[in-house]
Structures are given as C-alpha cells and as structure tokens.
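Take a look at the structures below.
Each of the next two complexes has chain A plus one other chain: chain B in the first, chain C in the second.
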Partner chain A sequence: MATLELIDIAKRFTKKVWGVKKMDLKVEDKEFIVLLGPSGCGKTTTMRMVAGLEEVTRGTILLDGKDITDIPPRDRGISMVFQNYAIWPHMTVYENIAFSLKLKKMSAAEIKERVEETAAMVKIGELLKRLPGQLSGGQQQRVALARALAVRPKLFLMDEPLSNLDAKLRVTMRTELKAIHQQTNATSIFVTHDQSEAMSMADRIVIMKDGEIVQIGTPDDVYFRSANMFVAGFIGTPPSNFFNVECEYTKENISLKHSHFTLEIDSMKFQELGKYRGKEIVLGVRPEDLLIVPESKAVFTAEVLVVEPQGSHQVVAINLKEIIVKMVVSAETKVKPGDKIGLGFNIKRIHFFDSKTENRIVFKGGV
Partner chain B sequence: MVPYLLIAPVVIYYSIFWLFPVLNAIIESFRNVDGIWTVSNYIHIFKDPVFYQALSNTAFIVIFSVTIEFILAFGLALLINTKFRGSSMFLFLAMIPMSLPAVAVGAMWSSGLATRGWLNSFLMTFGFIDDASKILFLAGGKMSTMLLIIIIDAWTVIPFVMIILLAGLQGIGEDVREAGAIFGGTKFQILRKITIPMLKPTITTAMILRIISAIQIWLIIVLLYGFNRLPVLLEQVVLNYDQLGAEYFERIGLALSVLVAIIVSAAAVLYLKVSGSFEKEVKQDE
Partner chain C sequence: MNNAIKRQLKRSAKRSSLYIVLAGIAFIIIFPIFFLFSFSFMSDYETYSEWPKPLIPSFKANFMIDKNSEGYHLLIFNKSEDKYMPFGPLVFTNSQEDIDNLRKFIKLQSNSKITSQKIMEYLKIVDSKSRVEFSIKKDLLANYILFFQVVNGAPKAVLNSLMVAGATILISLTIGGMGGYAFARYFFKGKNILKLSVLFVRMFPAVSLAIPMVIILAKMGLYDQPLGLSLVYSVGQISMSIWITASVFMAIPVSLEEAAMIFGTTRAGAFLHVTLPLALPGLAASAMYSFIGSWNEVIAAVVLTQFNPTFPVVVYKALVGSQGQINLITAGSVAQALPAIIFTLIIRKYIIQMWGGVKV
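Let's look at the complex of A and B:
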C-alpha cells in the first residue's frame, strides 16, 4: 500500500515531440486513479515513466516518499498490466504467474499457494497448466492480471487493459477489477481513453490533453463541474452541448442571445457574468439538462432529426442549422423524427465557459 | 486433381535439375570404371587415412566455427537491437563481409596473411613488430592453420547469422522483455528466461543453416593453403572429382559426395534431436 507523487515530470522524445509536457499528481494510499484522455495525450508515457521503462526528461517520482526516479523497474515494487498483455508464450499460465515469485526466491510451497490463490481470484484456476496460445483473449487478459497481482505490488499499473476485449466482456471486467481493488486495496493507476470506463471505475479521474493535465477530480467533479470545454465535451455519452450566446443585461435579468433563442437568467445568481456584459460566452448544457416542455413554456422550438433508443433512455438529436444538439429523454417519451418539440433548460445545471480561454466561469453561489 | 497440377512444375523442375543428377551420382558411385557394380569406391575411401583427417578436421571446424559465430553474432544482434545511436550505420558496416563472394574473401585474406602481406605491413607501420619478426601466418602448424580458417569463416558468416537472429529478435515484441524487467528480472535473467526461449525457432534455423554450410567449407581453404594441406571433406570431393583428372578418382569423388550428403543430413537431424530433447529437460525441471 503506497502513495505516489509525480513532481513536475516531463518526457521529451525528440526536439519537437513531447510525450508528457508537465505533470503534477499525488495519488493517495489505496486510491484508484484513472488517467483519461484522447489517444496520443501521453497516458502511456506517464505510466512507463512511473514503471521505470522510460527515463524522465525532467522531474521526480516519489513512491511512499522515496525517490524512485532513477531506480530500475525491478526494484520499484510496481507491477503492470500491458495493453496487449505481454504474457510469455513459452511459459504455462502457472509459470507466467510464478515468474516474479521465483525471482524473489520464495519457497516452492509459498509460490504454489500464492499462484493458486491469485489464479482463483481472477478465475483461471483451471487453466494453470495451459500455454497462453491455448487461451482466449479474455483468459489471456486474466493471466496478465494474475501475474501482476501475485507480486502484491505497492502500486498497480494498468494500461488500457480492457481495450482489446469485446464490449460485453469489457463491462464485466470493469466490475471484477473494481471488486479486486476493493479486496486488495492496492494503490492503482488505470489508463483508458474510454470516458464511461473512467467514470465507472475511478476514485479520481485525471484528464489529460496534449501531454498535460486538464482536470483532476472525482467522477462527479469532472461531470458536473468540468474545468473547461474540453472536459465538458469529452465526458458524458453524449457529451455536453455548447451554444455561443451574447451576454446582454436588462433591468433585472441577464438575457443570453443565441441565433435560435433568448434565455433569460437571474442576474443575482449569476453575478460573475458582469464582466462579460455585451460579450460572447459559451453556454454548456448536458444532454439530460435539455428538457422537452409544452410549447407555451418553451425557450425555443426545434425539429427532431433522429431518435436513438437505448433501452433505459433515448437520445434525441435536434438540428439547429449550424449544430446538432443531443438530448437524453426517458424511454417513455414519444418522439419521432420530424416532430416539432418545445425545449427548455434545467437552469440549475447550466454552465458557462469563457469563449477565449474555454475555461469554466465559476459562480460563488454554486452551479 | 488441381493441387497436383499446381505443384507439377516444381516436381518436374526438381526431377530434371536435382533428383536426376543426385540419383545419377549415387548410381555411378557404386560402379567402377568398367561400369561394373561395386563398392570398391567406398572401400578406397575408408582405407584412405586422408579421409579420416578430412573428417576430423571438418568436425573440428564445424564445432568451433559454429559456436564462435553463434556467440558473436548473437551478441551483435542483441547490441544492434538495443537501437543505440548509430546502430543502423553499425549494422550496415557489419554486413560488408557478407556482400563479398568467397573467392574475394580468400584472395583478400591470402594476400593479407602472406609474409609480405598487408597485415604484416600494417603491424609494422604502427610499430607492433619489426621486419625481423614478421608473423608467418600461413606457415603455422595444423592447429593454427585451422584457427585461421575458423577466424576467416567467422568473419564472413557472422553478419549472415546476425541478420537472422536480429530478424528473430525484432519479431519478439519489446513488451515481453519489458514485462520481464517489471516482474523482477535482471538483464541477464530476461535474456535467459524470455529472449532466448522465445528466439529458439530462429536459433534452430540459423544453427542448421550454419552447420550445413560449415560442413561444406572448402574454397577458402584451397585459396589459402592449396589442396591437401588441410584436408576437409568437400575439398577432397573437389580434389578427386575435378583435379586428379582420372575417371577412377572421379568416381571416388562421387562416392565421397554421397558420404558428405549423408553426414550433412545426419548432423542436421542430430542437432534437431539434441535441441528438442534439451527443451524437454528444461520443462521437467520447472
């Protein structure tokens, strides 16, 4: 069990290519951290630096307060699940799991006990005598997992471990991984580019973009209090809708003017918008915070483009000339393409972003 | 029917250009000058002490040159595979010996190793030796003549073995070795427990190819020492078949070449057996 601290680490591959530009992160004991970001944002590079497979260009890595920046991988007390498993094809499942234990000079009896216990935890107890070539992708994944768990690492790294599995198995494994984490309590860093995977598994999510951290927070933080438009547009299925609006003040209200609608909001609740008077800002609305309302109460009306039933709910896409807006409605709602519907906003949950910096505009009174 | 039609050209080609001459050689090796069936050609060989010399010299060269070549080539392949700066330039340089035909190699070394050759001049220029202490590379005893052949052969074929091993190494993903490092392996343990076992099919291929061609070494020896100074199997085949100029010896040459073919096949099978059973042993001790 351990804490991990990354202090101003960076990795430069060539003159122009930075794998990671700047990274500061503190992972608490027993925490399950997910690194999330689009492909190429530096997640793998970060993991490899922590594991010791890649030298840092700058910065310090502390594990339990001890500087491990320059010590070789085998002495770090870290284990890792690779994206394409990297289990050894010439060794049986048993030998794969026992490899690190043998090198640690554990006794044969201890090794046997540990291997069997770990294999049972990931449900491959019956496969110990097989070679990896005789296993399915999902089973190989479990071998990689067992191998990494058997060492009882201080820190457990997983680089997109589920991305090679089919959709159904991926969801099952999420649950299993989380259960294993609750059982072992190993401090873990999990990498994924799949935001729903991140949301469902993380204690805290670290969102990365172009080699830098954009936001660190709980799943609720990043969803309800997205730090900027990148996060708001990355998290959520479907992600946030954005409207460019003109911020104008009337006597007691702020009126947000969009080419399709004008939304009046209370100037007392949104005092911080004062400095944007007469300027353009971005209104961010989560798909479930756009509501179908009777036309009499509607802020605007629009035509339904497509309806995507999801079983538990439906995703409705609306065409507003220049943009497609997506909203989530209940399964019972009766809408079909071509319908004219009235729309309103859940004012308590709308967000504003500075249109230049794209950063979230924070209000003292909450929201 | 279709498959047979498709392989027919290959079968015909092999029958005409390979199978027929081979069968002919075998048949002729069992006949004497008068066309009478006999094993006298073989008896001649087995009574000839030079044959046994050739056999032991060849065995010596095969065992030592293949071992040395393998160790050095594997080392080089591992080095180049680390992709250090300038490794591709190094790879290019290392491949030069491979691009030279055997005759050129022979000419180069025999002119270099002659008493007034370039190697002695080189050593003199740099003051390692003086005119009185020139090294008589080619005049040495049997052991040093053989060592010289082994060194030259190694120089020529190490690039070839290295390329095969390098291709094999590159086929093994980086990640299985990285996993080895994370799960507690030192560089040497990773090499022994992961890289080499995974490279085994490639190693077997390289070794078999090398053993076969090492048994067939002759041209370089003849170019450096002439015939009969350091007898080896294939040199004796060429000598008898091509150089002595009598039909009697031609048939001896044919019989010898049949024996060489048998020895080559036996060596290959033996190697496969030995390396296969070795694998089983490892499995049991796990």
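Let's look at the complex of A and C:
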C-alpha cells in the first residue's frame, strides 16, 4: 500500500481563476481521507490532479516517495470511482471490470478469477453478463466500485461516488464502503460535500474552502475543535450557533454581553480571553450544547419559533430578533411553538472565535 | 356545463382545422412524390392511353384476341374506357414473323411478357371458339431495367456516383470528425464563432463558383474525375460533418474517456476503446448525410464533368433530352431518389438532434 504526499500544489484555470491555491497534505498508508467542502472549493480539482486528469500549475505529488506529477494517469497505480460512475455502456459488467486487467496482459484465467472475486466483494456476482443499461443506479455504482477495486490500486480515489444515489441507499453504501476499506486496506481519498458522509467514513477529514485547506483532523477534531467559524458552521446538522458578544473582564469572572443575555464565565479557565478585554468576540455553541433549564437558572429566556421532530431527537428553533438559534433536545422534551423557555449553555463545550480573523481562540486549559 | 361543452367544441374545432391544414400541406408535398413512384411502374399504354391515371399502377394487363375474315385482332382492356380497345397491329396472321412482332409489341407497350408458344395456343383456341380473353402479369421493374439499358452510360454513372460519394464520405468524415471532436471536447476562445463560421462555405451557390472551380480542378488535373468532384463536395460536407459529429461526441461523457485513461489506456486508446464504439451510430449517420449530399448533387456535377458524369447528371440529361416516355424517366428519377430517401429516414433522429437536441 502507499503514502501520498501533496507538496505545495496549485491549479490555475485562467488568469484570475484558481482551482486550488495552495495545498499541502500527507496521506498515511491505509488511511481513509475525506476531502470536504462546499462546491467550488477545489476538492474535486485536487483529486483530479492526483489522478493525473488535470495538470498541476505548481507543486509536486509524491506517491510512495516517487514523483508522479507528470506521469500519465495509467502509470500512476491509482484507480478512481467517478461521480456519474463512468462505466462503459457498450461493455458488459464483466468486460468493464476486466478492461484494465486485459490491458495489463493478465492471463484469461487470472482475469476471470480476479473479476469474480471482486464482483463477489461488492455483491454483483450474478450481474456479470448484463450491460450497464440494464442495471439500477445502485448496481452501476457497485460495478464502478468493482472496476476500481479489481486493479488492486496503490491509491483509491472516489469523487462524490454516493451523490447520485437515493438517501437510503447512500447510507447503506457508506457502511459497505467503509467495510470494503477495512478489508482491502487501500489508501483512499474520498471527495464529498456531505459532511455527515465525511464524519461517518473518514479517518481524517480535510476541510477546504476557496482552494485552500481550512482544517485537517479527525472527525472529532473538526467537530469539537473546529479551527474557525467556517468549519464550525459547516460541520454538524444543524450547524453551530454564533453569538457576537462583548467581552468584559474582571478579576473573578468574565462577562460576555450579548443584546439578549449576559453570560458569566470563570476567568481562570478562560485566561486567554484577557487580550480581548472590551472587544467583541464570537461565541460558538453547538445545538446540543444549548440546554433548556428552569427559568430561575436560565441565562436568558426566549420564545420557541418552530419544533422539528426528527424521531430520535427534536430540533427547536428560537427566534432572537436578528438571528434564529437552533438547538437539539431529546425526543421526550415537550415544547411547542410560542412556549417561553429558559436557556443555558454547556460551559465545557462552548467555543470562542476571533471576530476579525474568524479563527478559534485556543485555551491551554482544555476545550 | 354549457360553457364546458362550448369550450370543448371550440378546442376540437381548432384542432381539426389545424389538422386539415397540416394534411393539406402534407398532401402537396407527398402527392407529386407518390405520383413519381406510381408512374415509374406504369407501362407505356397505361401512361399514354388511359385517363384519368390510376393512383396505383396495375399488376397485370388483360388482353383479348378476336378473329374475323381479315385475320386475328389483339385488344387490350382499357380501364378508363372500361372496355377492350384495339392494341397493336390491326390485323395479324399466325405466321411466325407476325407472332414474334406481336410478342415484342406486348412486351414494349404493356411491360408484360408472353412467349410465342403461348400466343400460338391462344390462337388455336380462337380458331375453335372465335375469341379468347387472357391476362398477363406485368413486369413491374421493366421501366427500371429499360432505363439502364437505353440511357447511355447510366450503369457507369451509378458507379461514378458511388465513387464520388465514397471519397466524399472518407474525406469529410475524417476531417469533419476530428473537427467535431475538438469542438465537443475543448474550450477555447472564439469557439462558437468558429463553429458557426464553418458553415459559411455553404452559403455560396455552386453555380456562382462554377468557373473558378473548373479552372482550379483543371489545373489540378482533376477535371471530369470522380476525385475532383468529391473534393468539391467535401468542402460543404465537412462543415455538416463537424456539426453532426460534434453533437455525437458531446453526448458521450468525458468521464468515460477519463476512466479509460485511468484504467490503462493512452488518450488515443481511450478514444479507440470507448468513444469510437459509442459514437459509431452517429458517425454512420454523418456518413450517410455526406452520401446524400454527394449523391443528390447535380449542378456542380453538370459543370465539372464531361465524359464521366454522375448518375443525377445522367437522369437530368435524360429528362431534358427525352421526347415522351415519361414512365421511363420517372424510373430513372426514382432510382436516383430512393437511396437518399432511405438514408434520410435512417438518420432523421441525428439530424433533428443536431439542431437542438429534440429526441424523436
């Protein structure tokens, strides 16, 4: 298996349009990396550069320490699953899977064995004689997967492979893909714009925005220690709530003043906020870290705007004049639109961001 | 309630009048073509001695042989008069020569074949019973066979036409196909203007360019040669090929080629293994379009050939030079038009797609 290293790569489409501005990334052996970001952030371009389908404007791509920057795609030892599957409609499923093996001049018996083995792995053993036109979307997806697995690649690339499937199938395939990865242990790069897909599959997530990496980290990292407001707002359903607060610093505590509430926190735990004395900072709170509490203990009270039951939990939206705050509460909690509820924060899990740079304010004492 | 009925009536009236108009237009277009076909199957007698003309040519001819003191008479059934009319020599005997002439006359005038023995048999029956009626199956293709027999150089002209068409297809499909692929796959400045401008060469009528074309082809030594003619046709056909093949290649996703490149082929290999097999029906349609364009063209061919005319030139000359024998000329015309009509029906799907992607 293989390691992949991207050193300072960039892609420029036209004079002013950059696909990828700057990217450094090291993918370890057997790792499952997910490139995540909104559309147009350069994640697919990055993958296409790794595949060799797009020339790099600058930088070096190393696979197993070997420079593959200018090598044609067929000699890179990679395989890829495309967003629209890209299985060849004029070949049967068997021919599709065997295509690359035939070009490698493997013997017919070997090819047959490899194709059947791979087809069994993705559960299309009985479809080998069909043409792609006779298959459902999910089955075509599996054929594309089998074709990519059959070559035993050093590096396995997947470009939004699940985005054309219906919601239920997507979740099933997610699990199967992860199981296949555990079985084959191929170093994999997976591109998606679906953050829940990324969270559930990745060893490490690379979050991109405007052609640059915003954060690289495990799913826990990006969720609990989001590097900046973009990540905090992108990851999680619903995403983080942000409050612009003014920071007033006294010896005993810090009071954070928002137009609706004042939150007092222990100045010892949040010493680093000292330099923001008298300035505005952004308080970030995950929906599940907003708590419904008795009004006597509440930091503030507000009126419920909408309740969205989700089965296992409910999403409650609260209207705070200029913003809508969303919180997640248990399914048993009884709230209805128009109710006045008292709200508190889970202080251990609140985040602070610099309002100018939008970057996370890191505290030595944890969080 | 009343209103609903009124509305419905109004709508069906609108519908009906639309269909009536459309049927009228279709009739105006189709009827002459239908008549052309119908005529090409008629014998001389049907063409010139029957009025009104039947819509569908008959499949057999009915004859009667009669006898009186002067000798035998041959009569043919005339459908417009609804009775037997004299046909051929007024009187004939049962001499071998007379019977032979009669046989030839029947064949020529009514496209029906009968042997001399058969005529002899009929005459014997007439001798004993005084008259006999008989019918002979008509040879429907007689006009076509006759056309190629009597019109000078017609078979060779067909061969010329096929050669010209073949060369035109070869030239226009290779160059046009490559152009079409480039237009389908690459983005560059001025692409749309360039794509439109390849059609400019089709704006000039062949006649206006006749003299320069003759001079240039003569200098190249290609005047009156199938290859020279195919070069001239290719100029126009390449632009059409570009448009057709571009739409064909555009319908094949790039990712199919990219997948091939990742799974082991070169760029050219991806085209060969994946794009070409998928594009084949479309390319065939483009080839047929070139065929039609070259097969049907007559003006440039008249100007640019002398001793090696193409088939449409021969048909045209036969039409211009003929005195009567319309049924014969129509047979030539149908022989000329038929391949083009068949190919047009085959490729109509692609032609419609080319101008806006409406699927039939």
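Heads up, the rule we're going with is that the second predicted complex is superposed on the first by the 366 of 367 C-alpha atoms of A that agree within 3 Å, B and C clash if a C-alpha of one lies under 4 Å from a C-alpha of the other, contacts with A are read in each partner's own complex, and residues count from 1 in each chain.
As a working rule, a contact is a pair of C-beta atoms (placed from the backbone, for glycine too) under 8 Å apart; a residue touches a chain by one contact, two chains touch by 3 or more.
Note that the structure is a prediction, hence the values are computed from the model and not measured.
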{"item": "When chain B and chain C are modelled together on chain A, clash or fit", "value": "clash"}
{"item": "Partner chain in contact with A:356 - chain B first, chain C second, else both or neither", "value": "neither"}
{"item": "First (chain B), second (chain C), both or neither touched by A:51", "value": "both"}
{"item": "Partner chain(s) touched by A:73 [first = chain B, second = chain C, both, neither]", "value": "both"}
{"item": "Touched partner set for A:275, first chain B, second chain C, both or neither", "value": "neither"}
{"item": "First (chain B), second (chain C), both or neither touched by A:100", "value": "both"}
{"item": "Chain B versus chain C as contact partner of A:86, first or second or both or neither", "value": "both"}
{"item": "Doubly contacted chain A residues - partners chain C and chain B", "value": "51-53, 72-74, 78-80, 82, 84, 86-90, 99-100, 103-104, 147, 151"}
{"item": "Residue ranges of chain C in contact with chain A within the complex", "value": "253, 255-256, 258-266, 273-274, 277-278"}
{"item": "Complex contact set, residues of chain A against chain C", "value": "51-53, 72-74, 78-80, 82-84, 86-90, 99-100, 103-104, 147, 151"}
{"item": "Residue ranges of chain A in contact with chain B within the complex", "value": "51-53, 72-74, 78-80, 82, 84, 86-90, 95, 99-100, 103-104, 147, 151"}
{"item": "Chain A-facing residues of chain B, complex", "value": "173, 175-176, 178-186, 189, 193-194, 197-198, 200, 286"}
